[in-house]
Amino acid sequence: MHNVYALYKCRVLRIYDLTDDVKLFLFRFENPSIAESWTFVPGQFVQLSIPGVGEVPISICSSPMKRGFFELCIKKAGRVTSKIFDLKPGDSVGVRGPYGNGFPVKDFEENDLLLIAAGIGMAPLRSVFMYALDNRWKFGNITVINSARYGKRLLFQKELEAMRDVAEAENIRIIQTVTRDPDWPGRIGRAQEHIKYANTRPDKSYVCVCGPPQIYNDVFNKLIEHGYDPKKIYVTLERRMKCGVGKCGHCIAGSSTFLKYICIDGPVFGYYDIISTPGLI
Amino acid sequence: MKIEREIKNDHLARIEGKAGVVVEIGDEIRARINVTEGPRFFEILTKEKNYEEAAAICPRICSFCSIPHKLTPLEAIENALDVEVTEQTKLLRQMLYFGNMVESHALHLYLFAIPDYLGYHDALSMAKEYPDLMKNGMDLKNFGAMVQNIIGSREIHPENAVVGGFGKLPEQHEIEKIKKMAYNVIDAAVATVEFFLDYEYPSYVNLERNHLAIKPHNGYGVYGDEIVASDGFYFSVDKYKEYIEEDIAPYSFAKRGKYKGEPFMVGALSRIVNNHNLLEGKAKELLNSHSEFVKAENSFSNNFCQALEIVYFIEKIAEMAENIKIRKEERVKPDKKDGKGYAVTEAPRGLLIYEVEIENDIIKYMNVITPTAMFLPMMEIDARNMAEGMWKNGYKDIDLIGKKVEMVIRAYDPCISCSVHVIRL
Amino acid sequence: MRYVKIKDEKVYEFLEGLKNYGKLYAPVKISDKFYDRKEIDDVKKIAFDYIRTIMPAKKFFIPPKEEMFEIDIENGEYKEKLEEVEPFVLFGMHPCEIVALRILDGIYMDEYADIYYTRRRKAGIIIGLSCLPDEYCFCNLRRTDFVDIGFDLFFHELPDGYLIRVGSPNGHKIIDENLDLFAEVNQQDIDAFREFEEKRQRMFRCYGSFDNIRYLLELTMQDKLWDEESEKCFGCGNCTNTCPTCRCYDVQDIPNIDGKTGKRIRFWDSCQFRSHGLVAGGHNFRPTKKDRFLNRYICKNSYFYPLGTSYCVGCGNCTYFCPANIDFLGNLLKVRSTAEEVKNA
Amino acid sequence: MKLRIGIHGLTSCYGCQLRMASVRELLEVAENFEIAYWYMVSSKGEISHVDIAFVEGSVSTAKDEEELKKIRENADVLVAVGSCAIYGGVQGMLFGKEYEEIFKEVYGDNKIEFEGRIGEPLKKYVKVDYNLPGCPPEEEEIIYYLATFAIGSYPEEKDYPVCTECRRKGYPCVLIEKNEPCLGPLTVAGCDARCPGYNVACIGCRGPLPHGIAWFDSLAKTFKEKGMSKEYIKARMEIFGKQYEKMDEMIEKVFEDED
């Protein structure tokens, strides 16, 4: 019988500094056949273990179209992630997954796509974005709103900035905005304040939102105000899952009529899931 | 006095608690032990507490002798409230106490004292070159710890011993385990005695002194009601204030004991001096064949006596474990709520006295007099004599003198944490 | 269903014989008030009249603490640690506990089956035993007072022995291999069985339907009741630890002092603990004691859809073993569902 | 790479150090660690730069404070070991009283040249990075702390009570069954509920739970319902909890109506 908690050894290929406390890690499964066959849906997560220290759930931030490797964007926030920061190329970690329900990217096809990220929320949305870029012909207009408190905290800021002009020609709009940085030369204000600048058509759009729990209500209100269809709004949530497969109970949220496991019912939820399930955000 | 040389050690290593030593060498030679361990006021901490809680606080006086600091107040409280515990409780408590003796002596000898004899800074480095010797020490220590774990719930701050008996009695198979282990470690105990046969005591510290010890209820035990002195005098524990008095030195948070106005000694040596005829078995044989190592006038003899006691207590534990058949019995609950009680026992370092007054289950007065406080002035005299003897005999190496002075202090096995709790004025 | 009868004088022989099928565990008295399931040496020590054990039967399948992996830190590897699982028999399982195990099965043996749980589950023989409720029991409201499946054998008390329902191939095997211990069920036994069941039904503290409690609970989450009740709570987790369906666990890597090896362990956790709702970076989804307190009410009263039953099986353990005397059923009744308390029960 | 560690005792019973000295692994597997100073065990070394300093005891003299500050300055990581270091220990019970009065009661009009004070936890004087609770700490936890440091990580501190371990062990509850004043519900876990396992009510020796989740008020209320007096409850809870923020206040609240 297979042990669902068994880990596969992955090697760190490269490490990039994204901000002062976020790094991007490029991994490859050591076993070549797993490396080639392993795939996922944007929005899914893996459980990453540092031997002797512990395990954490991390959402995948690369495109599933790129076979053989995957990227994780990790913020230094606790015991395990601190230790992940000490990793060097060539080091190995344990990985299992992917887990959870990703974004319904098949449903997104032939629609516009609006991605709204705050802070570390850009990590899972980048996977959706990269997937859409890899399948550009399947999607309509695309807007990415990337926000953070400070310019230096914007995830993938350089990557997004570099493609901005070319992207605009492809009907892809990149909006990067900060809330508390007087030195920032670009846009100022919270993510939702920039929804009006998106190139996406509210009646033909799917929206993905990810950020700290406190931003959601404001973003939802603004989206609905602009005419976006609540049925087509998705978010991806975070919990400290210990198992990833609906056993450990750490990600249970909700009320007595709508009890949800973030790990197996999510981490991607629709707008109506959120408003009928107290405690989800 | 003009001080020519000074030996100063602010923080003596390898003792329990914090103390320093200063030796001043001039026209005369002076020594003093600075007890810098902070005062903890246990007599006040236990006041206005229910006796059960008070008995749980007392062991925290000292980890090395937490069993004595549990069992002695228990006895004082039981005496105050006229609680007569069962024979089984008495036996198990003795076993528990003996287990502490073995562990405490083993720790003191192997971790603190023996590195001096072999010229090491610590047991860790000594262990590398004397692994067998160190193994003996650890085996003995572990045996003592095991007895305390089984009967007392743990080796430091045992919570299982309570007023009237025990929370939970040990299982018979655990007693069997103690017995088996006792026979396994007896050779290590004998080897410890033999270790000291290679060493002579420095004669500089020879000095006639009084030794105080308990007059045990039975055998070479730790429980009793009377205290005997090597001058032939004896008195009952409730008269302790008449014969043991204390003064305070400005350099010490510990008070300092005097017997009939003179410094005196307590501890393993004092017990052997006063009660040697009560020893039995291998310990008695070893004493008889090496009686020259028991020198009442030389405190270094204390280490040999500790080793001898380890042998005795292990044999005694084995014997008790052999005979005891655990039967289920409940704790004895006191009928009384008020009373005054005393208890004296022999802690590893010597006499330990507790006095309590209880009103309506609440401790109104508690007094603790610890062995280290009793022998502190004597230890100071010996330390001074050591320095003087060496200096006058031409040793000018201050470091060496310092080391020897430390050795004198360690020979006593002082327990500084204990020492800062003494007779209240 | 197959029914057989065992007479009182054969019961101990049967129990002794159960040891042939694995280690026998059954309820025994462990203190003045409490019972727990222990390995049985002397079958005469089994407590047939126990109502609840301090540790629920989940301990046999998800131990309070277990090692999952050995870790080779130097080489970055986790080696699966699977201890030998020997067959065992749990005698004396009440209906609520059997349902609880089925709920755990649904969680632990779904598409991501937990190997540690599954192996133990397969090694365990479950023998039920009928019971009479005390004032803490409300399995009738949860409709877990009678079980059709989830056991190998089920013993129903009769005046002179037990009526046994056979619930699985393993159950049949045990009966067949000990046929001389059993008798046919006769009319008198059927009457006695019916009488017992009627008597049992009359003894419950409450009657009525509890199915709507989850809606009512949601609608009254802002009530002052929850402030008052959570104020009493110690947050000690006794309710979840003694709950037969609470199965939250935590996982920890424990390195050895050599820094080269270690182990990954898991152990019972509780939503009543502060760290349960904590995420990296310090945000807590249940920051207050009240949040955590309510979470349990919500979780227990929600439905486990595969079985169509709430996660709470009405065993009353959380109330009985609450050191702060918080009455779980009492609080639910205050929410005023259509269940009614019999005042003079 | 060897970790340099220092072990130090301020005013205490030396039990935490004794417990550490009894950890066979620490003495035997010394290759991971280099002990820079440990007065209780070695006459070599003095307070110097270390990766991790373990400090037991409470600050009860001016000298304690001076030493502690020196240790802190020289240590990358400082671990408070045991109840004295974390909450002031049993001597911390005198918190709030006048040192001079207490001194006088025990020492009379005598003067001592060292400055003493009421025992206080380390955190009142220096930054403490981690707490290793216990009176004394358990061997398993000492090893766990050392081992996590050895692999370049740090320990996860427990934030659940002794009660939980008691249930995990399957011991009968002395609070429910015998109405004994067990402090298990508010005492930080780690001892595997040793005392309840011996039918002895927990006295709270490991100290109250961290992060403000030691509910003295709720427990006091339950004790009160069992017929215990305010004085008694307070006296018991303060043995190891006196310097827990708001302990007195929480107990007072429960008895407010009566006063």
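Chains: A, B, C and D, in written order; residue numbering restarts at 1 for each.
Basically, contacts are C-beta pairs under 8 Å (C-beta built on N, C-alpha and C of every residue); 3 or more make two chains touch, one makes a residue touch a chain.
Everything numeric in this text was worked out from a predicted model, so none of it was measured.
**Q** Could you see whether A-C or A-D has the larger number of C-beta contact pairs?
**A** Contact tally favours A-C.
**Q** Closest chain to the protein CA centroid?
**A** D
**Q** Centroid from C-alpha atoms only, then distance chain A to chain C, rounded to Å. What do you get?
**A** Distance between chain centres, rounded to whole Å: 39 Å.
**Q** Taking each chain's centre as the mean of its CA atoms, how far is chain A from chain B in angstrom?
**A** Their C-alpha centroids are separated by 66 Å.
**Q** Per the centroid of Cα atoms for each chain, what is the distance between chain A and chain D, given in Å?
**A** 43
**Q** With centres defined as the mean C-alpha position, give me the chain C-chain D separation in Å.
**A** From the centre of chain C to the centre of chain D is 37 Å.
**Q** Could you say which residues in chain C touch two or more other chains, in rising order?
**A** 73, 252, 255, 259, 262
**Q** Going through chain D residue by residue, note those that touch at least 2 other chains and give them in order.
**A** 148, 151, 153, 156
**Q** Which chain B residues sit where two or more other chains touch them?
**A** none
**Q** Which chains touch which?
**A** Every touching chain pair, ordered by label, is A-C, A-D, B-D, C-D.
**Q** Okay, in this complex, where on chain C does chain D touch?
**A** By the definition above, chain C touches chain D via 30-34, 36, 54-55, 59, 64-65, 73, 231-238, 241-242, 252, 254-259, 262, 267-268, 270, 273-275, 289, 321, 323-325.
**Q** Residue numbers of chain C touching chain A in their complex, please.
**A** Residue list for chain C touching chain A: 68-69, 71-73, 75-78, 80, 107-108, 110, 112-115, 118-119, 213-215, 217-218, 221, 246-253, 255, 259, 262, 266, 269, 271, 276, 278-283, 285, 295, 297-299, 301-303.
**Q** Okay, in this complex, where on chain A does chain D touch?
**A** Within the complex, chain A contacts chain D at residues 52-54, 79, 82-83, 86.
**Q** Please give the residue numbers of chain D that touch chain B in the complex, ascending.
**A** Touch list, chain D to chain B: 9-16, 18-19, 21-22, 24, 27, 30, 35, 38-44, 58-61, 63-64, 89-91, 93-94, 102-103, 105-108, 110-114, 116-117, 119, 135-136, 194-195, 197-200, 203, 205, 231-232, 235-236, 239.
**Q** Help me check something: in the complex, which residues belonging to chain A touch chain C?
**A** Those in contact with chain C are residues 1-7, 9, 49-56, 75, 77-78, 81, 91-94, 212-213, 238-240, 242-243, 245-250, 252-259, 264, 278-279.
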